[in-house]
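Have a look at these structures, which come just after this line.
Both complexes below contain chain A, partnered by chain B and then by chain C.
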Partner chain A sequence: MNLFTVADFYINRLVNSQARSSNPSLIEQNRIKALILDKDTTSTISMCATQSELLNHEIYLVDTIENNNRNVMRHLKCLVYVKPTEETIQALIRELDNPRYGDYHIFFNNTVTKSQLERLAEADSMECVSKVEEIFQDYFILNEDLFSFDLPSENLFYNSLMWDEVGLTDCTKSLTSLLLSLKLRPEIRFDATSRLCGKLAKELSYEINHNESSLFDFPPMDSPPVLVLLDRKTDPLTPLLQPWTYQSMISEYIGVKRNMVDLSNVPDIDKDLQKVTLSSRQDSFFKDTMYLNFGELGDKIKKYVDNYKEKTNTNSRINSIEDIKNFIEKYPEFRKLSGSVAKHMAIIGELDRQLQMRDVWEVSEVEQNLSVHKDDPEDFQDLVKILENSKIDAYYKLKLACIYALRQGNDNSQLNEIVQILQNQPLVPVDDVNLFHKFRRIFGQNQAADESRYWERDDLLTELTKRFNSRMRNADSGNVFMQHIPKISKLLTDFSKNKVPKEQFKTLEETETFRGASASPPSQDLVVFVVGGVTFEEARFVHEFNQTMEGKMRVILGGTSVVSTHEYMESIRQISGSDI
Partner chain B sequence: MFRDRTNLFLSYRRTFPHNSKFNSSRRPLEDPFADEDEEAYPMQEFGTKNSDTLPPSFVNLTQEVDESLVEVDRLMVQLSKLYRKNALPGFEDKSHDEKEIESLSFKLIQLFQRCYGVMKRLQRVEEEQQYMGHQLQRDDLVILENLRKRYAQKIQIQSNKFRVLQNNYLKFLNKDDSKPVFPKSEGASQLLLEEEEEEKGQNRDIEAYSRQTLQRQRTNNASATQQFLRERDEEITQLAKGVLEVSVIFREMQELIIDQGTIVDRIDYNLENTVIELRSADRELKGATRYQKNTQKCKIILLLSLCVVALFLFVMLKPHSNTKTVKVPSEGTVPAQHPNHLGAPSENDQEARRISLAVV
Partner chain C sequence: MAGERSFNSDGGRQKVVQISNINCPVCGKSVGGLTKLNDHLDVDHEFDKERSEFYKGNGKSTKDLRTRQIFKKHWQKPDSYGRALCQECGVSSSKPNTFINCRKCGLLYCNLHCKKVIKLNLDARYDPLHGKWYACCNRCFNERPGYNDYGSLVDKTSHFIKLREIKNEDKRLRSLQLENRLIRLVNGIATIYAKGKSSILMNFTIRNEASELERTVTPWKNDRGVLDCSVCFQPFGLTLWKHHCRLCGNIVCNRDETSCSNEISLQHLVNAAKDLPYQQNISDLIEINYSIRLCYKCIKNLYGERKFRKDTQKTKPQLLLLCESLGSTSKVITDTIFQMEKFMVRMDDSRITDQIPKEEDMTESKKLRTKLLRSVAMYNSLARQASKITPANNTEAKIKISVQVASSTFINEKILSLKKVPGMMDESPRTNSPIREPDKIQSTDLLFNNLTISEVKKYRNELMVLKEQKFLVESMIEEAKKLRKFDEVVTLSANLSELSTQITKTQDSLGDEGFT
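On to the complex of A and B.
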């Protein structure tokens, strides 16, 4: 269930593709290949393969199908890797009508309908297509256990209760491709309080059981894999808190798009460092540090730089021919290291600058205290202090107020006091105060209804047992900035013990009830999908869970997108007031 | 998990009547595949002018590199075997092996130089943007550049292997020099001392004799080691030279290598970048046409100004020639005009008289 191995498998299929009929002669094997992508697959493939990997397989030309200025080159064998959308099918038909290359191998990254295939066949009057194949990778792989569809939430939903038609089909298709690529035919469980999840679950199960039932014909497993559909609304707290792990901080303060970090806004940045890639596959330092918090990260980067310095010192002492030879021998490796050090130093420097500039340390401490303790007058005092501090950005004030509202229920005189303070602040626009009211309206009832049920049903005793039984490594519990534990952690622990209540996480088929909660062993493969966006903070918990449960359970986390706090607040702002 | 849909596709394709003749008549020039069906003479088709079905000829250049690299691989295996054999301590004469090593590494260096030559040639092709008289297309250039990168990497990997191999051997040789020569002599002298002590009281004659022989042995030994050293030295310098040569190639290749893990290695970045390149080329083209238009204007301006100058000269010259032509006949015409001139005043006089009469 490592997503990268899945991706590798597909890329290998792609680059080593041979037509079945012809016996592969030597000339055929060494033939130069072209790879034609569309705008969706470009991102998909560049997140898991590199240019040099393609070059190693004689793919010397990469282009997009949208580009109409390609030259005619009949000597090339062409690999087409596209998403079966209407647009690209049209482009493909145009291409086949007047082929530019000698031999076409077409790969789709999701299921292609028969009518689409028929249209293609009709267009292929030159008979230059020799292979058509579906591989299932209609999603973006961020980490080995994190995927995203990169569908922004404003296009996905009409409002907080209704899916957009197109968004729903897109989401269902992508999710189907994920399940197919992992060879899972899961039992679908969804958050009973969320209508969005219910709808998606229905669509998905229809797709699995009726439309593509031949594809989902996998041998049954001892313990059925489970797909859990969650709604972001169930845990609105996590995406509101300032994150502290390396990966999530980059996404929060600098912004990372498909593994590319744009540093061009950083003052005095070196020209080579304006755009850098960060992939846990190619960058071993990033792989080690992506889940670490800022303090641990500081130690790591210090060691890394020391190591680098040591190497530069040995390199600067070149006295004999022996030294020169050593230097030349190690030079490529050294250059790689220096590039990596420069990259990470630039990123961490920028992070530190942003943290200082925006007083995030102070804000985050109060945030965390508010999210963990309930009704603590001291916390309230701190909150008021921050709200009245004119140095702090209005955005953080609004966010703090929202967090407080989330934690303290609805009718509280203190909330009114907060509104008063917010209104008195000259820097907080009226719009934001309205947003705060909206936030309270959306999550007020929601939270109150939820309170008594699943998530918060811990009295003292359960609290204690949870402490003991929780399979998370709570190494960070001493850290003031990482006190909050996302709800997903509790969910995972419960799944591992097979103690997830049916009424809270419904299954669709009533027939499956015979697999009673305690009868079957806990499922080994779990896919958690968060409608409305997942956070990197949650990805860290999933990663740690996978490490502690190694060999017993495997979890893959995904979401319609990956949200930072800004994106999440923005998505709430998008919800029009009448729809609540 | 994947699903092959080729069969379905083929069966769909069969249901549509694809008349290749119709197609070829519709697009006779663009369709080499339809020709293939029609003529059923594959050989003939192969030999026709359809040059775009063959890979561009610069690709053939890389075959040389491929061959060389295969050869390099083979030689390298041999070389490492020899090295290993030579590194083992032994008493038999190694000069034969050493010669073979020398020739092998010489061959290897030559092969690397050949590869390097091909790369240079490819680079020249790319810079000139044409090969054997053909102007290369944009996509050809992209392919060419990627081809160069790929082969640079291949050569890089092989040459790196070779250098490591040689370096290790060099290190061994250096160690070998210091180990067997110096410790041995030290040990010998120590032995000598011990022997001296032992034999002190025993036998003076033997002592003298042994000392003599030992001394002789030592001088012998010293001269032998000296010669040995010199030989070794030469060997080492030669090997080092080879290493340096290869590392020059290595460094040149380094410029081409994609840095893995950096932005340059991103597929989408490369895609976008080529788009930008194309745009810049487009812009340049537009600039060029503008310049060309400008030159046309310039030409017209030049022509006009030439005309002006010519006319000016003409005008400049004309009055000059006029005065001449006027001067020459003026002497002839003036007398002829005279009667006229004289007649006119008479008329004027008559009129004046008439006027005066009228006045009177």
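On to the complex of A and C.
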């Protein structure tokens, strides 16, 4: 259940592709390969393979199918890797009608329909296609246990309550491809309170049991894998809080899209550093630090830089030929290190600057206190202080108000007071106050109705037992800035103890087949999918959970997208008020 | 059977190990102590049929019970002292309660490493559907079929080819028809020309007869009622005239920008499709000066595939040829390096046992070394050639860049690390001493006598950098002198002299390979 292994497998399949029947001498003839991608698969490939890996397989030309200015090179063998959308099929038909390369191997990252295949076959009058294959990778791999479809919420739902037809199909298809790539035929459990999840579950199970049932013909497992569908609305608190771990902070303050970090807005940035890639696969420093909080990160980067300095010192002492020789020998490695150091220094420097500039330290402490304590007058005083502080960004004030409404939603007088303060602030636009009301309308009733049942049964005793029984190694419990624990943590712990209530997480099949026995052990493989976006903070919990369980239970987390606080607030703003 | 017995039934009487609260690996329920866990497993999960039956409602004969028990014959037993060794962590202990047999493979594990559960049937085989839950080790857990599986894929090639065959059948018939028409046309025109050669009114009669022939090959479509070009769908008018394609008879326009139809000379038509069975010799046909109007569709149908095949048969552009030879050379180099590494391990072994390396080994090693050096030199020259080629188009330019990146990383990764190799290989025949201390020095000596081309390149770069630095320092000295900062001049001149010595050193090492 490591997504990177799956990606490696598919990429190997792609680059080592050989036609089945053609004679080997012909393959020898056209060894140099071109790789033609579309806009989706370009990201897939760039997130999983490096340029040198491609070069090692003699792929000397990478281009997109949309590019019409490609020159004719009929001596090249061409690997086509595309997502089977209408657009790319059209482009492929045009390509085959007048082939630019000598031999085509076509790979699709999801299932193609019969009619699409027929149209392609008709276009291939020169018979230059020697292979057509479906591999299943219609999703983006961010970490070894985190995937995303990168489908923004605006296009997926109407008012975050109803699926958009196209969005639902896309999401179902991508999720199907994920399950196929991991060879899982899961039992689907979904959040019973969410209509989005229910609909997706139905679509997906139809796809698995009817449309693609021949593909899902895997050997039965003694402990069948489980796919859990969650709705972002069930845990609106987590995406509202300022994150403090490296990966999530980059996403929050700088912005990372498909592993590309855009530093071009950073003042005085070096030209080479404007766009950098960050992947836990290729960057060992990032792999070690991605889940660390800002304090730990500081120590790590200090060590890293010291190490680098030491190396520069030895390198600068070049007195003899022998030294030169050593230097040249170590030079490529050294250059790699210096590039990496510069990159991380730039990112961390920018993070620090943003934190200082926006007074995030102060805001975050109040946020965290609000989210874990219940009805604490001291917290309320802190909140008021922040709201009245003119230095702090209006956005954070709004967010704090929302968090307060979410947690202590019962006290109307205090909420009114908050509205008063917000309105009195010169820098808070009226729109934001409306958004606050909207937020209360959406989540106010929601919380009251559902919370009591499953998520929030915490009186003091359960709180204590939760602390002790939670299978997370919670090293951060003493950290003021990381007090909040996302709901997914409780969910995973419950799954590991087989204590997830049926009423809250429904299954589609009424008849429990062979798992009916009272003493059935907890599921071993879990795919958690969050409709409406997942956060990197949650990804960290899943990662830690996986490490604690030592293979007893394996979890993969994914979402329609990965959201930062800004993106989440924006998605709430998109909901039009009349439909709630 | 000691281990098993103690685990299952004697457990209650054994001293309980100091673990007060553990979770059942099957249901996660917490139980107080190992003994309780055993009881719990035996009774609630029916790990021990005998006992659970006993608890539930005794009364069945022992014979009946034995057949229903899980297979235990393969269980590993502790040694004669009652000690057992965990297969995974290697901890050994003689306390019976700290060890447990994996119910599937039967090996002994400590309690920590036998926590997983698996469904087994009574023969201790994996049975995902009808088995019962038993404790098992990590290995058996991971080896369940389908557990670590990934990467579904569907090969649609045969399906695609089948579809393509159906679709292409019609097309092939169509192009056969067109080919026949073309042959008839060409043959007819050739005979007309052969006849007309003797005639005085040659040009006139030939034109007449040829245009008559053109109409017999295929029925022309009626002009009336056709409003648009059949290729580009532009309406005909005063400026856009109607023309007939001589092969399909459709009405098309002759706009230059769309090239819906073109008059193509016989010479080109015949040359592009030499494989067709004409009556006359191709060399005779080429001489005929006559053009035939063909529409875009017919041209594509007749000549598209021929052109495609011809292109793939052409000799490759030089860049691609170089790429391929670079590829094969790099393969040779990596292979040779691999062989040499194996060889060196063997030599090292022989050295440890104080043996003198064999004669044939030495010659072999020398052979490998020369092979390596030669292929490295070859690689280098090929890479240089590739970088000198001027690309014919954008695509070639892109390929060229990739090739350069690939070759430079190859040199960086493989060839630079090779420096240690030749010394090791060469030192032993003269000095039979087993001490390999002076390796490094020797290797450098060897290298400087025998520089590989990539190294020459590196040293040249080095030299260039040094010279540049020297120039900079010199200009700095000048500046300092102007500003009358004489203390700086002193340190700078010290630097300068250092640089000059280094330059001479590098130049020495380069020897004849230096800049000329």
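Just so we're on the same page, the second predicted complex is superposed on the first by the 567 of 580 C-alpha atoms of A that agree within 3 Å, B and C clash if a C-alpha of one lies under 4 Å from a C-alpha of the other, contacts with A are read in each partner's own complex, and residues count from 1 in each chain.
Just so we're on the same page, a contact is a pair of C-beta atoms (placed from the backbone, for glycine too) under 8 Å apart; a residue touches a chain by one contact, two chains touch by 3 or more.
On a predicted model such as this, the values are computed, not experimentally measured, just so you know.
> Return fit or clash for chain B versus chain C, each positioned on chain A through the superposition.
clash
> Return first, second, both or neither, reflecting whether A:P377 touches chain B, chain C, both chains, or no partner chain.
neither
> Based on the superposed arrangement, let me know which partner A:S496 touches: chain B (first), chain C (second), both, or neither?
A:S496 sits against chain C, while chain B stays out of touch.
> Is A:P267 in contact with chain B, with chain C, with both, or with neither (first, second, both, neither)?
neither
> First (chain B), second (chain C), both or neither: which does A:E134 touch?
Both partners.
> Output check: A:P220 vs chain B and chain C. Expected answer is one of first, second, both, neither. What do you get?
It touches chain C, and chain B stays clear.
> Quick one: classify A:T5 as touching chain B (first), chain C (second), both or neither.
second
> Per the contact definition in the header, classify A:E122: touching chain B only (first), chain C only (second), both, or neither.
The answer is both, since A:E122 touches chain B and chain C.
> One more residue to check, A:K552. First (chain B), second (chain C), both or neither?
The second partner, chain C, only.
> After lining up the shared chain so the two structures overlap, which partner does A:L180 touch, if you call chain B first and chain C second: first, second, both or neither?
It touches chain B and chain C both.
> In the overlay, one of 184-192, 238-246 or 292-300 from chain B clashes with chain C and the rest don't. Which one?
That would be 238-246, the one stretch with clashes.
> Need the overlap of the two footprints on chain A, from chain B and from chain C, as residue ranges.
Common to the two interfaces on chain A: residues 10, 13, 20, 31-32, 51-52, 55-56, 58, 60-61, 63, 69-76, 98, 102, 111-112, 117-118, 120-122, 124-136, 180-183, 215, 321, 325, 328-329, 332.
> Please give the residue numbers of chain A that touch chain C in the complex, ascending.
Per the stated touch rule, the residues are 1, 5-6, 9-10, 13, 20, 31-32, 51-52, 55-56, 58, 60-61, 63, 69-76, 98-99, 102, 111-112, 117-118, 120-122, 124-136, 180-183, 215, 218-223, 320-322, 324-325, 328-329, 332, 496-499, 514, 519-522, 551-552.
> Please give the residue numbers of chain B that touch chain A in the complex, ascending.
1-6, 8-10, 12-13, 15-16, 18, 23, 27, 30-34, 50, 52-56, 59, 137-140, 142-143, 146-147, 149-150, 153, 160, 163-164, 167, 170, 240, 243, 247, 250-251, 254, 257-271, 274-275, 278
> What residues on chain A touch chain B, complex-wise?
10, 13, 20, 31-32, 37, 42-43, 45-46, 49-52, 54-56, 58, 60-64, 67, 69-76, 98, 102, 111-112, 114, 117-118, 120-122, 124-136, 180-183, 215, 258, 260, 275-277, 279, 282-283, 321, 325, 328-329, 331-332, 335-336, 339-340
> What residues of chain C sit close enough to touch chain A in their complex?
Its residues touching chain A are 25-28, 44-45, 115-119, 126-131, 133, 138, 141-142, 144-147, 149-157, 159-160, 163-164, 166-168, 171, 304-305, 308, 311-312, 314, 316-317, 320, 323-324, 327, 393-396, 398-399, 402-403, 405-406, 409, 412-413, 416-417, 419, 444, 458, 462, 505-506, 509.
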